Amino acid sequence: MDSSLVLQNLVSAPILFFFLGIIGVLVGSDLEIPAPLPKLFSLYLLLAIGFKGGLELAHSGLGAQVLITIGAAVLMSLLVPISSYLFLRTRIDSYNAAAMAASYGSISAVTFITAQSFLNVLHVSFDGFMVAALALMESPAIVVGVLLAKLGSSSSRSGASPAATGLPWREVLQEAFLNGSVFLLIGSLVIGYLVTSFSPAGLEKMDPFTEKLFYGALCFFLLDMGIVAAQRLQDLRRAGAFLIGFALVAPLLHALLGLGIARLIGLNQGDSLLFMVLCASASYIAVPAAMRMTVPQANPSLYISAALGLTFPFNVVVGIPLYMALVQRFVPVL
Amino acid sequence: MKRIDLFLTDREVAKVCKAIRKAGAPGYSVMRHVTGMGMAGEISEAMDFSGLGANAHVIVFCEAAVVEAIRSAVRPLFDLYGGVGFISNAEEL
Amino acid sequence: MDSSLVLQNLVSAPILFFFLGIIGVLVGSDLEIPAPLPKLFSLYLLLAIGFKGGLELAHSGLGAQVLITIGAAVLMSLLVPISSYLFLRTRIDSYNAAAMAASYGSISAVTFITAQSFLNVLHVSFDGFMVAALALMESPAIVVGVLLAKLGSSSSRSGASPAATGLPWREVLQEAFLNGSVFLLIGSLVIGYLVTSFSPAGLEKMDPFTEKLFYGALCFFLLDMGIVAAQRLQDLRRAGAFLIGFALVAPLLHALLGLGIARLIGLNQGDSLLFMVLCASASYIAVPAAMRMTVPQANPSLYISAALGLTFPFNVVVGIPLYMALVQRFVPVL
Amino acid sequence: MKRIDLFLTDREVAKVCKAIRKAGAPGYSVMRHVTGMGMAGEISEAMDFSGLGANAHVIVFCEAAVVEAIRSAVRPLFDLYGGVGFISNAEEL
Amino acid sequence: MKRIDLFLTDREVAKVCKAIRKAGAPGYSVMRHVTGMGMAGEISEAMDFSGLGANAHVIVFCEAAVVEAIRSAVRPLFDLYGGVGFISNAEEL
Amino acid sequence: MDSSLVLQNLVSAPILFFFLGIIGVLVGSDLEIPAPLPKLFSLYLLLAIGFKGGLELAHSGLGAQVLITIGAAVLMSLLVPISSYLFLRTRIDSYNAAAMAASYGSISAVTFITAQSFLNVLHVSFDGFMVAALALMESPAIVVGVLLAKLGSSSSRSGASPAATGLPWREVLQEAFLNGSVFLLIGSLVIGYLVTSFSPAGLEKMDPFTEKLFYGALCFFLLDMGIVAAQRLQDLRRAGAFLIGFALVAPLLHALLGLGIARLIGLNQGDSLLFMVLCASASYIAVPAAMRMTVPQANPSLYISAALGLTFPFNVVVGIPLYMALVQRFVPVL
């Protein structure tokens, strides 16, 4: 593996600010970014990534390649939670296994964005429609997670608890598809598409906000993510070796699976990396909020800590350059 | 007159307030951004960016007659989602 | 009327984000922009619009046309609340009529900004001094509103209530002229003027903040306005058909009145549209806060819901292109 | 010792606190960003950007002798602007 | 059952909560961004940008047996950094 | 003294927004920038100034001049609090004297930034390593302040109070060096250095955030500083004539001392001004938070009001141009 890729990633501003946040917690600094400022940056990043994705989707059009990629992405967001659940179920209870499975089946937009920045630095191009894949991978895993929790608990118990009697479909679908962050991402994607198609004069005026400011805002947000991830890392002692192992091995396996599919459907190098990152990443934005409402029996500190305290730093620091090395080895330059 | 203090997750506030109105309370007040510790462990505001939210503190001053209706309305929510409630005496200023 | 104007407006990013916010509420998404983030954007927009207005005022100077326009604007902000009050009084009580009248006599800065963006897209020019008109139309309507409430209630009652005995002039003037948003707008206008006149080197350094970022920040704020407007719309059932009708017809009438005056004082096309928009729009920023303090007997949910839930979306979505069609028909290109 | 809980609009807080100081209370605490429901209907934070503000919750622990002064100071404000107050028993920790 | 209300500087909250947990309380709730007035004068949020912070309000519902442990834990902190505490009666809802 | 310097400073946008905030409080406007928005701007400014400082430090390298300047800066941050303490001790108690001394020994990043903006307008160049001096002057004064409080109180009493028995070194060093704002500033400096050295491609992408946006964000923050400073000014009546006098004379003396040292170590004009400003300014960011925890016996309203209500406005409005006039007179153009 090309060690310069790792270095290239490590000395980028977003990753360094991520480390700064982690170090702050470890050395006991009182640096904090008080609520709701992190929310501002998370809303901004979702809006900007959606808008830019829509813009590029409008440029590339909705061809066969786009539809196949999106289809593969949605398939992965169904497959990953089911296989994860079956594996996790060997050691943990159904509710927590289902919530973890939903997290790992869904995606992390910030990991995706960091991978895009990484590709930009390497001057490797990628397609805008990957954002559509991102947007469409958030929700299915949530629905699958709730279904698994329901099936798992009714098979293990007599099913008399209020949560176990009948699936509240309305609420589940609402949490899965109308979740604030999913809604904003998809909405911004559609807006980016519409503006590009029908009012391209507006694009230039959005550019300073959605494009120019993006990198700096990402740095600021990653500073906060570093703080939160480090706090979560300290929680992980309670999670036990099994979950810690899962949080580090699952992304690798899912990335490899993603590489295989990317190769199969003929993605270019940039898109292959992004596809791998989508498969490998675990959600700590849309999913925890949705699971909290639909599977309240699961312990949020387990699935959030695993996804945010381990899998996220692992992907962002080690995973992305590692996956890129694999891409460079196995995906031909088109 | 009674004072009821409820602590619950931010996201169930709307449901609880609806129940309180239905129970016939003359009013209520809600403080969000409450952190704390309970049976479900520590709750912080650190995940706020993700839409998870922290706790809320709901205060209701009402006649004793209304208390029972509120208790039976919030009990199932507390059982499912967590949350605690306390009651004490008070009078109008 | 040129239907392409409507389309042009509908597919602009700010309007689409406004719709996104509305749709979010209607479909039950939990997307929210928590306080005080909307305040950040509202402060920013006032600062930026004031600064840019001051800049252009410094360029155009304080000639006769400027003074006449500003005079006409102030006149409208006295006329509109009085006529509105007299009409509203036929059906609702004095306090609420006065508060509504104050709202409709005052202006909505965001509607104004949206109209400016619309003109930019159409490449129709307008003058910076219109911002001065905007700034000076906020306060008079508030004073008139309080006066009307006082007159109306003392004529109908024996005037023994504490609110009715003597007008607390100090407080009224303070709320009208030193209101945070009025103060920031006028202050930024003066600063823009001073910097342009005496230290033009600083303008270029302000440009990325006040100019480049503006369009994107407007989108973000309109997303929130969509959310809030939709919530307000749901309140409107309680307001009754009379107020709903008023909220939709008043802007049209006031816009027509504005068009007549614009024609009379010889404004160009761009300024005419802005003048119409100032007349047609109703305040939901400065006025509610001021009325809450000076006419507490009025029910805020009535005047805020009318101004924000109906008149604002109406102006922004339908009104602006409609008024522009009228301008193109009746105002000669200079 | 008495505990007083006041709920009122954000913007009258300064006036009420002045009244409380004048009444001779040894201290008070204010929580802003309180939402809720009362006779004036529902109060949310959604209009915060406009300067309208939501409610505030003012807590005063004081001797019974001070209560009367506070009551008579806030009563006219509550009559004009709305707001409610409650009182209960407490002792120093 | 007792209700304890503590008001103290934002920055000592972590220490106080640790003491409360150690004292054996079943839970607690924290509200930050509290302003107010006490022996140390007025506390506002205006210096928040500097990291100074305002006050926090900590509420603990616990058995009377735990009260003593909490009192002796917070007393030295209050002596050094300021802060006040009050206690009243309550019961579970 | 060249009166055009004063004017040049007075009509710059940041200073005018600072005045707008002050005026708002004086006339009783309810304009406020609610928490945590000021925190957002203060975090942003520290991040941006640190990053830009690191960038320029990487360009200039760590030569002898740099090390000498930084050494002189640290020396000043030890000297100033000791001499201030000895003087203040003649009239006020040890705790308050120590806290004041720490404030005046430390620095105000915003004053520094304003001086940089001033130099930019005058087209006088300065070196990036001055930010390193800034960063390293924050902490020593805090440690000295705590030591002085400890020494002063144990010499005056029998030393039985819990605070007086033994210095909690861990806590003091933590407050001095890991304080959120110090940590962010130094961390961003290091990141700016690393990115410039190893991944310069990332600089251009940071530029819109850290460089372009900076001036406008400074204006916004100074608006808030004006509000807070004016509120503090009203507190100052209680502080008494002695402290008021100190808050106005100390910056002058420290600036002159700074000028002498700048001359001695051969700084250029721009760096000399910045060095003077570092010496003259008093901290109201890192120090109050640290003193609150380590010397809780001192009354924050005294040292914050002096530093923020008087010394800060004095430096920003009168001091900077005054010091520049001295620089132009006594420091040769290199």
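Some notes on this structure:
First chain written, first letter: the chains are A, B, C, D, E and F, and each begins at residue 1.
Note that contacts are C-beta pairs under 8 Å (C-beta built on N, C-alpha and C of every residue); 3 or more make two chains touch, one makes a residue touch a chain.
Because the structure is a prediction, the values reported are computed rather than measured.
In a homomeric contact, the two copies may use the same or different surfaces; for chain C and chain F, under half of the interface residue numbers are shared, pointing to different surfaces. A rotation of 120° superposes the C-alpha trace of chain B on that of chain D, rounded to the nearest 5.
The chain pair A-F and the chain pair C-D differ in C-beta contact count, and the higher one is A-F.
Averaged Cα coordinates give chain B a centre that lies 20 Å from the centre of chain E. With each centre defined as the average position of its C-alpha atoms, the distance from chain A to chain C rounds to 41 Å. Residue positions of chain F with contacts to 2 or more other chains are 30, 34-36, 39-40, 179-181, 208, 212-213, 289.
Under the contact definition stated at the top, the residues of chain B that touch 2 or more other chains are 11, 31, 33, 51, 88-89. Per the touch definition, chain D reaches chain C in the complex via residues 9, 11, 33, 40-41, 44-53, 76, 79-82. Residues 1, 3, 17, 21, 26-33, 59, 61, 88-93 of chain D are the ones touching chain E in the complex. Partner chain E is touched in their complex by these residues of chain B: 4-7, 31, 33-39, 55, 57, 67, 70-71, 74, 84-89. For chain A in complex with chain C, the touching residues are 35-36, 39-40, 43-44, 47, 51, 174, 178-181, 183-184, 187-188, 191, 194-195, 198-199, 201-202, 205-206, 208-210, 212-213, 289. Residues 34-36, 38-39, 41-42, 162-163, 179-181, 224, 227-228, 231, 284-286, 288-289, 292-293, 296, 299-301, 304 of chain C are the ones that touch chain D when the two sit in their complex.
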